[in-house]
Structures are given as C-alpha cells and as structure tokens.
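You will see chain A twice below: alongside chain B first, and alongside chain C after that.
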Partner chain A sequence: MSKTTRIEPNLQFVKELQEVGGVDLKKCYQCATCSVVCPMSPAENPYPRKEMIWAQWGLQDKLTNDIDIWLCHNCGNCSEQCPRGAKPADLMSAMRNMAYRKLVPPTAIGTWMSSPKYLPILAGIPATIWAIIWMIRAAIKGTFFPLAEDGRIVYDNLFPGDFTIDPLYGLTAIFVVICFGLGIKNMIDGFKANMPTTFVIGYKKPSILQAIIDTVRYDILQHTRFNDCVDSSEDNERVKGHQILFYGFLACFIVTGTVAAFHWGGKVITFIAPLVHTPMPLWHPVKILANIGAVLLLVGLTLLTRRRLNLDDKKYRSNYYDWYLLGVIWVVTLTGIGAEVFRLSGMAPLAFLTYYVHLVSVFMLIAYLPWSKLGHLVYRTTALIYARYTGRLPIDEKLIEDDKIFVI
Partner chain B sequence: MADKIGVYFDESSLGGMLDIEQLVAGVQKKWGDLCPVVKVHPKLASVEGRSLIQADIDAGTIDSVCVCGTSPRVDWDFYEFGPAITVSRVSLRELCVLCYDDPSGQALVPGQPPELLHKMAADYVNMGVVKLQKSKIPQTEPWEVVRHVLVIGGGWAGLTAALNVASIGYDVTLVEKKDVLGGAAADMYKTIPMQHPYDKAHTTGVDKKIADVEASDNISVLLGSEVVSIAGAPGQYQVIVRTGKEEQEIAIGSVVLATGWTPQNTSTLSPFGYGKLKNVVTSREFEAMAKSGDIVRKSDGNPPSKVMFLLSFGDKLAPFAVQEQEAKEAALAAAENKEKEEDDTPKTNFIKQDTYRHLEYSAELTSLTALKQANYVREFLHNGVALIVYEHMMVPGINELYYKAAQNDPGIMMTKGIVQEIRDGGDDDIVVVLEDTLLGSRVEIEVDMLVLPTGMVPTTALDPVLRLTYRQGPAMPDLDRFSGYADSNFICFPYETRRTGFYAAGAVRQPMTLATAETDAAGAALKAIQCLESANRGMAVHPRSGDLSYPKFNLMRCTQCKRCTEECPFGALDEDEKGNPMPNTSRCRRCGTCMGACPERVISFDNYNVDQIGSMIKEVEVPDDMAVGGPRMLILACENDAYPALDMAALRGKKWSPYVRIIPVRCLGSVNTIWIADAMSKGADGCLLLGCKYGEDYQCHFVKGSELCNRRMDNVAETLGKLGIEAERVKQMQVAIDEYNELPAMIDQFVEEIIKLGPNPFKGY
Partner chain C sequence: MASNSILVIGGGFAGITAALEAAELGHEVFIIEKTAFLGGRVMQLNKYFPKLCPPSCGLEIQYQRIKNNPKVKFFTLAEVSKVEGSAGNYDVTVTIQPRHSAPNSPDLSELCSALTSETPSDFEFGLTTRKAVYMDAPFAFPQRYVVDKASLSDADLALVAENEYLDLSEEARVINLNVGSIVIATGWKPYDVTRLTNLGAGEIKNCITNMQMERIASAFGPTQGKVVRPSDGRAPKKVAFVQCAGSRDENHLGYCSYICCMASLKQAQYVREQNPGADITIFYIDLRTPGLYENFAAKILADEKVHAVKGKVAAVEQDKAGDDVWLTVEDAVTGTKSVERFDLVVLATGMQPSLAENSLPFDVPVDAEGFIIGGEERGIFAAGCAKQPLDVMKSAQSGTGAAMKAVQTVRGR
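Up next is the complex of A and B:
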C-alpha cells in the first residue's frame, strides 16, 4: 500500500502565490503540456506540472521546499505553449519570490520587499543613515561639499571609508552572510524532506566538492544550463544580458575587493597602500577594470530591460521582484558612473549628491539581498549544488552529451 | 393499377455505356401495350425532358411514369407529376453502370456494353415496369383531429412546451402532479448560467414562465392532477385526467411528455457515507439549504468552512452492478416459469427501471451542479473553501466557460481522484481518501461537509406515466433497454418516442440543463404540432413524413396469429376480442413491419406489397446454367441506410459483382419471407438482406425492423433446410450509412461464398 499523504488545501496560500506573481495559476487544467515542452525538466517527477498541481491544491510545504523551482531558468516555453494561459513559468518565478520572502527571518524585510508600497521604508533606511552622516560631516567640515586641499573632489572627505562606509557595509555584509547561512540551512532541510526521485543510469555519487566545482564551472561561469534554456533570439538576449551583467558585477566585486584589501592590508604592510589608493587615476589597471565593469553593467542592463519591456504580457509577466532588482542595479550603475564623471568634471554639489544616492542604492542592493531576487545568487547556487550532489542534476553535463550516463 | 406506362431513358446518366436502342426494343417486345410510350431523351432532367413526359400525361397516353437513369434519390422532387401519376425510378446509373465490375476485370468502353451489363439493365427496367404495374395510387383517409395538445408535467420543459404550442395558436392543457407549477426548477436557488458570458449562476426565471403560462388564454392548467388513461390515436386521443377525486375526459390531438426526473433513492449513496456520517449530504439537500439561505452542518448547525463535492465513485458502485445483474437473471427465470404455467395475470410492458446507473448517466448534470454549488460555498461562507474531486469533469459545450470561471476562483480547488474511502474524521468532520491523484500518491483530505451527487431518475423509469390503453401495454416500449429514459435513441430526432403522437422533452428523456430543456421543449412542441398537421391529411408524421399509403388488412384471411399486433414497433395495432388486428392509421409510421410479419400475407400497402416485390423478383432473369451465364443473387436493401450507402459507394467509384440484383425495401422488418422463397424457387443462388444496425445502439429508422428480420431468419433457415437448400444461401448483414466503402466488399464476399456453394439445386425447374 502506498503512502497516504494528508493534505491541507490552503486558500490563503493560493492567494499569496497569486500576489507574488502566479496570477493565472488557477487556470491550469493539468494537461502536462508544460512539462513536455520544458527543455530542462527531467522525465522523472518533472516540473513545472507538479508545482502547478501543488499550487492549485495549496500545498504550501511541498512548494516552499521544492528544489525544482531553482532548476528552472524561466525560458517561458511552458507559458507560451500552455493551452489555458496558466503561465507555469510565472508560477515558478512566483515560487522563487515566495522563497525570497519567507525563507529567512526577519520576514518583515521579506514583506517590505514584496510590494512597491514598502519602497519608502526600504529606501528611507539608508537614505536617513547617509543623510545623518552627511549632516555630521558637514557640521565638522563646515560645508556640505568639502573639497580636498588640492581642490579635487574626494568622496572620502565627506564619507570617510574607515569610519562610515567600511564599518557600515562590513556589518551589513556580516548580517547578510548570517541570513544567507540560515537560508541555506532552511533550504537544504526542506530539500531533504521533499527530494523528488530521479534515476540516473551510470551514476556515481559525487563529493560535495565535485558538485560545487561543477556548479561554478558550468552554471555560474559558463551559464551552460541557462544556455540550454534558449529557444528564441529573445531568450538569447536574456542569457547574454545576464552573463554580461554577471561579469560586470564580478569586475566591480574584484575592484571593491582589491581596493579594500590594499587599503586595510596597507595598514599592516604599509608600502602596498599607495598602490591602489582611491581615487585612482584613469590609467590605473584597477580603475580600468572598474570602468570595464561599469560598461558591462550598462550593456547587460540595457539588454535585460529591453527584453522585459518587449515581453508579451499575455505570455509572461514581469513582477515587482524583477523590476526592483533591475531598478536598483540601474541606479547603482548610473550613480556609480555619474559619481565618477561629475567628480572628474569638478561639479561638486552634483557629484556629492550622486555619490549619496549611489551609497543609498548600494545599501538597497546589499542589505536586502537575501529577500531580493538577487538572492538567487546564493539560493540557486545552493540548489544547483545540492541537485548535483543528490543526482537530481547530472554531475557533469558533458557526461550526458558523451552518452556516459543517462538521466531518466 | 397502372396500365399505360411511359418508359423514359435518360441518355445523359448512362455515358454511352449501355445500348439504349436494345433496351427500348426489349421493353417494347416484352411489355407491348402496357408501355405505349418508350422514349429516349439526351438529358431527361431538364425542362424539355420534363415537358416531354408531361405532354404524354396530358395527352392521356400514359398514367404512370418509369424513369430509367439516375438513382431515385437524385432529382426525386423533379419527377413528380401530381398525386394521380405514379412514378418509378430505375437506377441504371448507380446500380448498373457505375458499380459494374466485369468478371474479366476490364473497364467499360463507351459503345461496347458487355452482355452481362445489358442483362442487368434489362432486369432493372423490367422490375421498374412491373413495380408500376403492381402499384396503386394510395387512397387517403381523411382524419378529423383535435387541435389540442396535452403537456404532461409543469416543470421547466413542460412550461416552455406549453408556451410554445400556445404561441402558435393551438390549445394546450397542462397537467401537473403537484399543486404548484415550476417543477425541479422551482426548487433551485440558482441555475448554471444560461446567458452570455456564461460564467455566473443566476436565478432560473421560472416565475416568469409560470406567470406567462397562467396568463395565456390558450393554456388551461390542471394542478394536482394525473393522467389516468390515454386511449385513441394521434389527432383523436381520449385522455382521462384525475384531479383530486374527480375525473374528466379531455379530447387531445397530441402529447408532450415533460414529466422530468425525480432524485435517485439515496441508498445508492450509502457507500459514500450517506446516512452514516451526519455531514454527508446530497446535492439536492445542499441546493435546498442554499435556497433557504442557510448552509449549515447537520451535526452542529454551524456553517462549514471546507466543503467537498464528490464526483468520483471509484469501485463503490460495482456491488450494485452485481446485484442488479443477479436480479435481472432471477426475473428472467421467473418469467420463463410463468410462461410455462400460463399465468393469467394481465401482461404489461412496464418494468420498473430503478438502477444505480442513473447516477452515472447524470454525470454532466452532477458535474455542472458541483460547479454551481461550489460557487454557493464561496457566496455564502466567508473564506469558505470548496473542493471538487472528480473522476470525469463533464462540461461539454458552452459550459466550459463556467468551468473556467470556477477554476479561476482561488477558493475552489478542483482535482481528479478516485475515491477510496470515506470515514469519520472526528468532530463530525469527514476524511476522504483518494487514489490515483495527480500527485502520484494516495492522499486524504479532511472536510467539514461532503456533498454527494444526486442521480436524476427519469419519471418514466418508475411509472408508466402515460397509461396508454394500447395493446402492447401502458408504457413506452423497451424502457429496460434505455434504463427508463423515454428517448428515441436517435441523434437526429430525439423527441420522437416509440409512440407516434407522444413527444418527450427535458429530463424525462435525458438528464439535461434548463438551457437544453428549453430548446428540447420547443422541438417537442413543434413535433406535436407536426403530428396534428399530418394526421389530419392522412399522412405519416415521421420518418416517412407525408407518406399517404397505409397498411390495409384483408381480415377475411386473418388467422389471428397476433404477430402483427405484437411486432409493430409503434404499437399502432390494437386487437379485438378475437385477436383480429385493429389498425390506427395515425399511429402508423408505414414501415411495413406488419406486412413482413404476416404469414398469411393479408397486409398490403397500395404502392408497396407482397405481390409487387414478389413480381419484381420474378423479373430477374436467372440463367439456367451458372457456368455459362453466371449466378444470380437477390439483395433486399433497406432504403434508409443500406440503399443510400450503395448509391454513395457507386458514386465514389466503388464496384461490385454484376451478378446481384438490388431491390429497395422500406425496412427489413417489412421483408416477408415469401420473397426469399420466391427468389430461391426462381433459381436465384442466394439472397442477401442489407439492413441497419440493431441491438443496444440500433440505427434502424423503424427501431425494430432489422432486429425482427434477424429473428425471422431462423424460420427462413428452417424452411430452406426442409427444401434441401443450404441455409448459408440467405444471409442478413448490418450496415451503417457511413460504411458505404465497406459495402462492395461485403457484397463480393457474399457472392464468392455462394459461388463456392455452387448453383441453387432448384435452378431450371
């Protein structure tokens, strides 16, 4: 006798799902076209059909602990082919949004991140902090726009890294890391209880390290699976946009890391400090990398935004999570570039103001990371590693191509 | 009796494949003075062609017309020359030239007709002539009719039918059993949507219908009344209606039967917890709760928050199936014993049809009702959740929109599942266990209330309702075949019951929605009027609409064997005390089944009779030596399905053996076995009867014809055996009209079998 599952259909949950983007999920009549047309879904316990059923049944536990929502890269094939317009892809993305919202406490931030009506709070927090710092520094310096002794614009004069930016963002980073740690634990606990079975012929259980290496190599650096999800030229634009944006971020991350390393390292090994001292001249390799990063961000953002604006609303629907992330990255990028341009052109009030907005937007990007769409950086990576580790995903894509293993 | 026959050949239909001169000479030589006119026209189906014939009629040279060319189904209205002129059509195109398959395999060449083809054509022409010779012009009998329609049942369908009939100016008497009008519709809180955009239930509007009926001058309503008996025939029924203790006789022309349905006995629902668990209710009870404005649990009077609608039976109905099968067998055995004992209790054709299957037959309605009532949950209960578990969600047609609307409601969950167990979940909650769910595993769900579907039992299943004083019994015949539904079983004329003059509408013939019942009632109303307006002209109502012929009985030779009165599919014949048949012309559908049944051959139609077909058969020239001239087989083809199928096959280029001769008959039921004897004694090597499908899903236009014919085949085989003729030489085959492409192969196979058997031993005598 098979196991009997007690189910508690939850009307509230269905409504919540609709709020976070799965508006049409009720239209599904369970024909399974979605799973058939999905280029990625495995034959055993395929997605997104089962997720559609769970959603209609209001099976909250199953959905929130579902690993498959992270294996979907949202190509939208299922939504396009759905005979009922139930938009399974929207549901999958709604489920990810639900995870952003609920996976990690404090869930208040999750709630704030879920709707534009809370945007004033999200922006207000960093805006207030940096405004207060600005006020204090202005009182100390006697001006709102303090220039360096040589007349250059140096942001460190207004917002000193050592006392404001670094400690503040350092603490924020620690908070985010702790939250992510909790999130990863919650995720894996949930996955363990609800892992869909997958049979792989020729499968050898990999080490966790192997799984990590593969995920980084294929999914992160090469976007291999993301590329498999491509079905049209618009999809291609999406993958390209994402990859460019990702490398832009990577460049900025390396720059920030290098600057921080040399700065704080310079306190110990003093001679390295001047090597990467901000503001750097334009010919400085790190600066060049930073500017390349900025250009990549601009290109990536343009591609992704253009695609979203051109989406057929009947087939796909962008939700607030999508627009929040795109919006914040736009602001971060534009104010970053603006701060540099205005600084070099000596337009002090405009430069400081832009830099202020930059600081606020960076906070909005980083501090709320576990509750924003950018959280997929960690969650999806975790899920992909876990999926490879447990066999839900093949350990090496190449093995399948070479017919060494078969996933059924 | 035609004695001056004009024979006309249409060259244009023959494509030069026949030597018409030779055929003309043949007619002149054989029939001489009987056929004073034998003419050939290059294109007979033209104004000139027709006026050529008309001129001969006007000159008084001829009194009947034989057109040799296309099938009688082509230009059938073109060759009509008024009621005084009989016309016969010889299908030289379809049944001769087009289907001709030369034994050598060679194709026909214009101008060089093979001998075999010519013989075939000559046979058909001679048959056409003799058919006219043996035809009389049908004498119509004027028939007084009462232009007054009786509507039985004052529910949605009955009210609609009454209003429709009255709106055309006919009088209506509406008989309703209850003291109020409205029927089942009046018990509903709302109906599934009947208007655009079909996504929301609304009030039925039955009040307006009732008001309209009450306001109509043409409709008289008898409440609290029942039909006690109905005697007579269409146009002239004497209906006795009882109101309270008083009885009155009403003269009625035709009847609309709209007695609807009653809720099924709840014992069928006992495997689903009904009667054991307090909060398990039927959809009928749930509807009543909604109507009263208060949906509560029986156990504690509190409103439920989670209500499940179950449309899944799993294997829980299987015991009923076994039980009913056993009961049926026992009844059969009892009936056999009774027959042996020669029981004197009066026979009735009514057998109560109380079966669990009504629940399954109501699937469309129970599905729609579940959708509707799930919406009640959302309407009445704040934050209430409705769950619909179904095995089959049946929402055909426009109602799909209503299903979609329900789907979009976040508070309505619908899923497929096979019910496994229903048990007490404590606190008078109900736990439902489901198998084969889309989750791929067995699941259980706890709900506050479980609503079970209500099976719709047609009133005719439980009661004869009509109480006819017909010889064949008080009820519709063969209700046991259709679980009691008074349906015609025909997709194209669903209202026509097996009793001419009675037209069923609404749930009495099929579980249906108010919207369907509405159109149904309009159809039945029109049929009831058509019936009156045909009976008064002495015409058949349907399916041979307008046919003026009717069976005539030569009672002098009747042996009172009662075969005709028993076999008439429409109960048209009553019996006098001695057992003589008493025809009721306006009940008759002119199928000729009585003629086929009569062993004494005392029944005939003016234009269709035993002698006529027998004479036609004799016109087939059978070669004395099968090895030289080939064999000959007779095909008697039902003109409703088989004959059109032959036409269609020929027109689509199909060919078959040239050794067969085809004669259309009104129905295989009208085939008198003497025809087979005629053919065999004439030396024909075989005889094939092509008729409609019979049995459970019969397609016979006259319901019983091909089935009766099949029964008679046993006698035929016996007779042939006595004569020393192989029984295999006579065969009946079933063919549907859309099986035309298989028909030639069926014929050829039969011919092959006969050739293997060798020549008829009677050949040459």
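Up next is the complex of A and C:
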C-alpha cells in the first residue's frame, strides 16, 4: 500500500487567520486565477492558490513555513480578479500578520500587537518610562521645562542622551536585533524543510553574497519587484508612497547614525564631537538631510494613507497591523517635526511635551519592531535573499526570452 | 374585455414551443420577435444537445407547425413598446420596424451580389460581413429578405430603389393586441467578451468565443463548416478551451451558465472529427456535466488527444511575432504555472439574460443578473433562458410549462 499522509487540520488556526485579516478565505473554490494574475508567482508551486487551500484546511505547518507569503508584495491583482471575493491578497497579508505574531518569542508582545485592545499596554510602557525620567529630571532641575543657560531649548537638558535615550534605545536595539536573529533562523529552518522546488533551466545559482547584493540593489533600493506589481495608477501611488517613505526612513536613519557616531566617537577622538553636535543649526548638512527625511516621510505617509482610505472594501480590507504601523509613523513624523518647530520658536512647554510624545512613539516603533508590520523589513528581506539564492523567481518575460524558465 | 389570447415575447426555441403548445390547445397566440427571423440562438448553432442535431432538425418542424396553424401569428423586427391592464386583459402595443421587402418571397440573391457595401454580420458574430439586403439565417423563417437601410451606400441605394420587390418608403408600424396572458421568452446573449480584459477582450484574432466556434463549424457559416483559425484559415493543431469565461465570477456573471462545459466538449469533437492530429486542452474550474451528459463527457475525454486541466485561464496574449495565442494557467492539481502556446483558443463565454441592462417596457421583476423571478400572479410567465441558463431541451420544456400556465390563466376567466 502506498504511504498515506494524514492531514491534521488545525481549526483554531483557521479561525485565528480569519481574525487577523483572512475573513473571506473560505469562499475560495480553487480556480487558480490568483496564481496566474500574480506577477510575482513562480512556475513551480505558484502562490496564492495553494495558500488558500492550506488555509481552508488549517495546515498550519505548511503556512507558517511558507516563503511565498513574503515574496508577495500585496499588489492585490489576485483579489481584484478573484471570481469569488475570497481576497487571496488579504489572506497573504493575514499570514504575514500571523508571522509577526508568532515567529519570535516573547509571543506576549505578538499578542499585544495583534489587537487595539492592548494599545494601552504598548503605549503605556514607554509613556511611563519617559514620564518617570521627566519627573526625576524635573526634580533635579527644579522645573518641568528646563532651558539652557543661553535660554535656548535643548532637549538634552531634560532627557540627557548619555544617560537616558542612548542606553535605553541601545538596549532596546540589542533586544530587537536578537529577536530578529531568532526570527531569521526560524524562517530559514522552515524554508529548508518546506520550500518547493523550482526548475529554472540554466539559472546559475548566485552565491549568498551575490544574492544579498542583488536583493539590496534591486528589490530594496530600486523597488524593482514592487514596481513589477504595478498595473494601475493606484498601484503606482502605493509603490511611490512606499519608496518615498523608505527613503525618508533611510535619511533619518543616516542622521541618527551620524549623530551617534560623532557623539560617541567624539568621546575617543575628541575633536570630531563638535562637528555634529545637537541641536544642529539649520544649515548643517546633517540637519538638512534630517529635514529632507522629514518631508519625505510626510509625502510617503500621505500617499499611503490616502490609498488605504480609498480602498474598495469589496476587494481589500486594511487590518489593524496596517493601521498600527501607519499611525505610529504618523505620530513619530509629526512629533519629530513639531519638536523641531516648537524648539526653534521657543515654545518650551509645547516643545518638551511634543518631544516626550516623540520619544514614546519612537519606542513604539522600534521596541516592538519584530512583532509589527515593519518587521517585514527584516523578514521580507530574508525571504527575498533566500528566494534569489534558491532560484525561486517569478515567470518573468525576460527570463522566458533568455530561455531560463522552463515553459511548456 | 377579457381575452383568450396569449402573447409570447421572443421567437427562439422556448418562445416558439410555448406558442405552439398554447395554439394547439386552441388559443390565439402572438409571437413578437425582435430580429428579422425566428429561431433565436439555436439557429446560430452547428449542433445542439442532447442529440447533437443540426438546428434544422428541430426548428424546421416547428416552422411547419407554425405555418400549418392559423392560431399562431408572429411579427418579426417587432418589439413590445407598452403593456397596460391586468391578468386576463392586457392591452399590448407593438412597434414593428420596416423590412422594406414584399411579403411574397422573391429570390434577391442576384441583387445582393450586385451590392457593394459590407456590414459586419451580427449573425456570424462579426466573423464575416453581410450585404445591406440580406437573409443571413440558414433556412430562414420567414423566407423574406431584409433591407438594412442605414448601411446602404449611394450606389446600393440606387439599385435597391429600382427593385420592384423592395420598398424603401415603408415606415415603422404600431399595432395593438389584446391578450389574457404573457409568456416572456427573451432568451440570452453571449457575455460581452470586451469586458474580459485579461482574456484578450475580443481583440486577439485567434481567440474566439464558443458561439463563434459554432458558426465556424456550421456548414452554413463563414468557412462552410471547416474548423480553421480566423487569422490565416489554417486548420488548428493545438486548441484550448477556456471555461468559465465570465461565468461563476462575481465580477462578471455570478452564476454557472449550465451548458458551456458541454459545449466545449462538443466543440472538441468538431475539431477532432475534422483533424485527427489535433490536440485539445480544456481548462476548467469544475467540469460540469449535468445529468446524463456525464456519459457524453466520458466519451469525449476517453480520446487521448483531449485533455482536461483543472485551472482557470487568467491571461491570454497574442504572440509577439505571429498569430498564435499564449495562455497562462496554473494546473491546480500538479501546482504548475505555465505559459502555453496554442493555434486557436476558444473562450467558453457564458449566457447573459437578454434582459440584463435591457429591461422590458413593463413591470417584470428580475434579479440582479437580469433573470426573471416573478410575475406569475399577474399572468406573466417566463420561459427558457430568460429565467435561468438552460440547454435547448430544457428550454423547450420550460416553454411548454409556461404555455400551460398561460392557458390556465386565460381559461380561468
């Protein structure tokens, strides 16, 4: 007798998937339109049709180790053309949400990130920490809004970088990096065990280094794959919005990195410390970059938020993960700009209060990163590198012309 | 005044059947047909289920019965423009467009061949053209030419004007009928392929619809029954059928059109009978073979050159260099997405009720798709595909049923 595989459906998992965004997954009747209209889907074991049936059957193992949920860039072609309104794109996004929730311990944070009812905890932690620091500093300084000797507003007076911000965020960053490391390991172990084979004739497997370089160069910096998903002006707005937001983040990241490098490097090589000392004047190149970053963030956020607000409810549904991330980035951006504007205009109470909210929201962005939608910056990158490395590529016209992909 | 007569809207298979059944029970019946000839969609088929007869075998008998029964009166190029009254007593206004030809049946083929202007033929689904004076249905009933005045060129106009059997001055007429009950047999239309943008939107030469395939396979059609592809007249070696082209899709037709799977199996047979080397693939979501049709499906699929693949085609593209057609499809059983080249692709486009986006000038309840869902209490009965997608046999049966109810309505008074 042939070997039989016993399918063990996890019905609870199906319910959870429906809760995190895959409400309509049971409507699917497996016509395979989705796999065909997906511009990213490869020839062998394409997605998202197979994910739909795995989800219906509650095959948790298959789904949680599935690389394809990260290769999907959520263009929504599948949901748009789905004859049943089963919304495969929403299921793919629901499965990513499930990964944010469960891929990395402590899963308690995953649970807190999954529903708005835990928002008070998520906001409460940094709000309390920074409030306590504020109280202590106020007691030392004798005022809640301490000004510098020359009367300027200098945030370092209230929240000294060396003793509060840098150690706190430094530790948080180390925690996040460890968690991500764990996540990457879990992902790759899962991929190895479950990854479907792909036939790409003549495709030379790149070295892992080359795969990383190509992923960063094409997929991340140029958004090449993302651009392949475009077939309407709304899609274009989405890619533009994402790319602008990404570059805004990159600018702010470079600014923060430079400031930290000069500050801490300045402790050793003392003469460089004053070169990038906060608060910087507006003409300072690093400050200019920071302000450009802020403007990019605002533009990107506007494009992405407008698109989400205009989505056709019958085709796509935005979920809590989408709104949490957009919301937090909005608060970070607005309070960041506000802190600068109020500081320059000398409105001390407002400036300090805005800066406080900024610190809280930055914590909410960074500390919960592996469990938030922003985690895709690590998880998706990992999957994209792995896909390049193993040759799991879309049926691409270029590849067909080059006779690299096997076509019947 | 209470009336014993019955109005039948639509002169296709269901309408004709309803009219004859009621007339043979002694009731006066009026058939109102919008086009120039009776016979409806069945006239356009090459063969029809269940026995795979050509349309002549069913329709010619029906036409004989109409000719022999003075109780049946029919109007072509006619449309109901107003209905007033209630069950047992309806006043119906009918507008009849001019045919411009004499009631006897002269042979005008010589005149037709002398005409110069050509118009895309609706009867042939645009596969060929017709003249401005035409009788495009095979064994047309009535055997009378029609003049399409708007399509006449100046030269044609002169030729037609001097023909003694044609009368260009004829005007539209309005008649009034008094009936007791109404049967609606307005039938269906093929779903508009231009809406199927991912399936080529009707712009790919060798990607045709299933109804076009019927015309190509018909001995009376544009290729005299030779199954060839439109672009170069070559017999196709590799043919694909794309099922559910518009059907079972909430973006298009939210229901199964009932007969398309069978139609594709039947058309696979057309190809295989003519071309023993031809290879055929039917791409489907579910191969639906209602009732006894299962046996027919088994017979066709036993042919090793006929393949059935579970997976809906979602992309159709013209070859960049030639006339071939590329399909992208995932075989959902093996989980392989492939791009495949075919000589000819047939879209199994679904049935859309004629009343979709085209309502009658009186109150008839229809569902969101345009199928009739009521009216019985007012002596109005639906027959055939106006009510739901059906094959010819079941359409005829529903025509008989509707006639029965119409008769009961007028007899009860």
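Following the convention adopted for this analysis, the second predicted complex is superposed on the first by the 388 of 408 C-alpha atoms of A that agree within 3 Å, B and C clash if a C-alpha of one lies under 4 Å from a C-alpha of the other, contacts with A are read in each partner's own complex, and residues count from 1 in each chain.
We adopt the following convention: contacts are C-beta pairs under 8 Å (C-beta built on N, C-alpha and C of every residue); 3 or more make two chains touch, one makes a residue touch a chain.
Please read these numbers as outputs of a predicted model, since none were measured by experiment.
Once the complexes are laid over each other on chain A, chain B and chain C cannot both fit and instead clash. In the superposition on chain A, A:18 makes contact with chain B only, not with chain C.
When the two complexes are overlaid on their common chain A, residue A:58 makes contact with chain B while staying clear of chain C. By the touch criterion stated above, A:6 is placed in contact with chain B alone, chain C being left untouched.
Once chain A of one complex is fitted onto chain A of the other, the partner contacts of A:242 are absent, as it touches neither chain B nor chain C. By the document's definition of touching, of the two partners only chain B reaches A:26; chain C does not. Looking at the shared chain after the overlay, A:81 reaches chain C, while chain B stays out of its contact range.
Of the two partner chains placed by the overlay, neither chain B nor chain C lies in contact with A:308. In the superposed model, A:277 lies in contact with neither chain B nor chain C. In the three-chain superposition, chain B clashes with chain C only at 58-66, the remaining stretches of 4-12, 22-30, 58-66 or 76-84 being clear. Residue overlap on chain A between its contacts with chain B in one complex and with chain C in the other: 29-30, 45, 50, 84. Put simply, chain A touches chain C in their complex at residues 29-37, 41-46, 49-50, 81, 83-85, 196, 395, 400, 407-408.
Residue ranges on chain C touching chain A, taken from their complex, read 198, 244, 248-252, 285-286, 310-315, 328-332, 335-340. Every residue of chain A that touches chain B in the complex is listed here, in rising order: 1-9, 11, 14-15, 18, 26-30, 45, 50, 53-54, 56-58, 84. Touching chain A in their complex are the following residues of chain B: 306, 383, 385, 387, 404, 407-411, 413-416, 433, 438-446.
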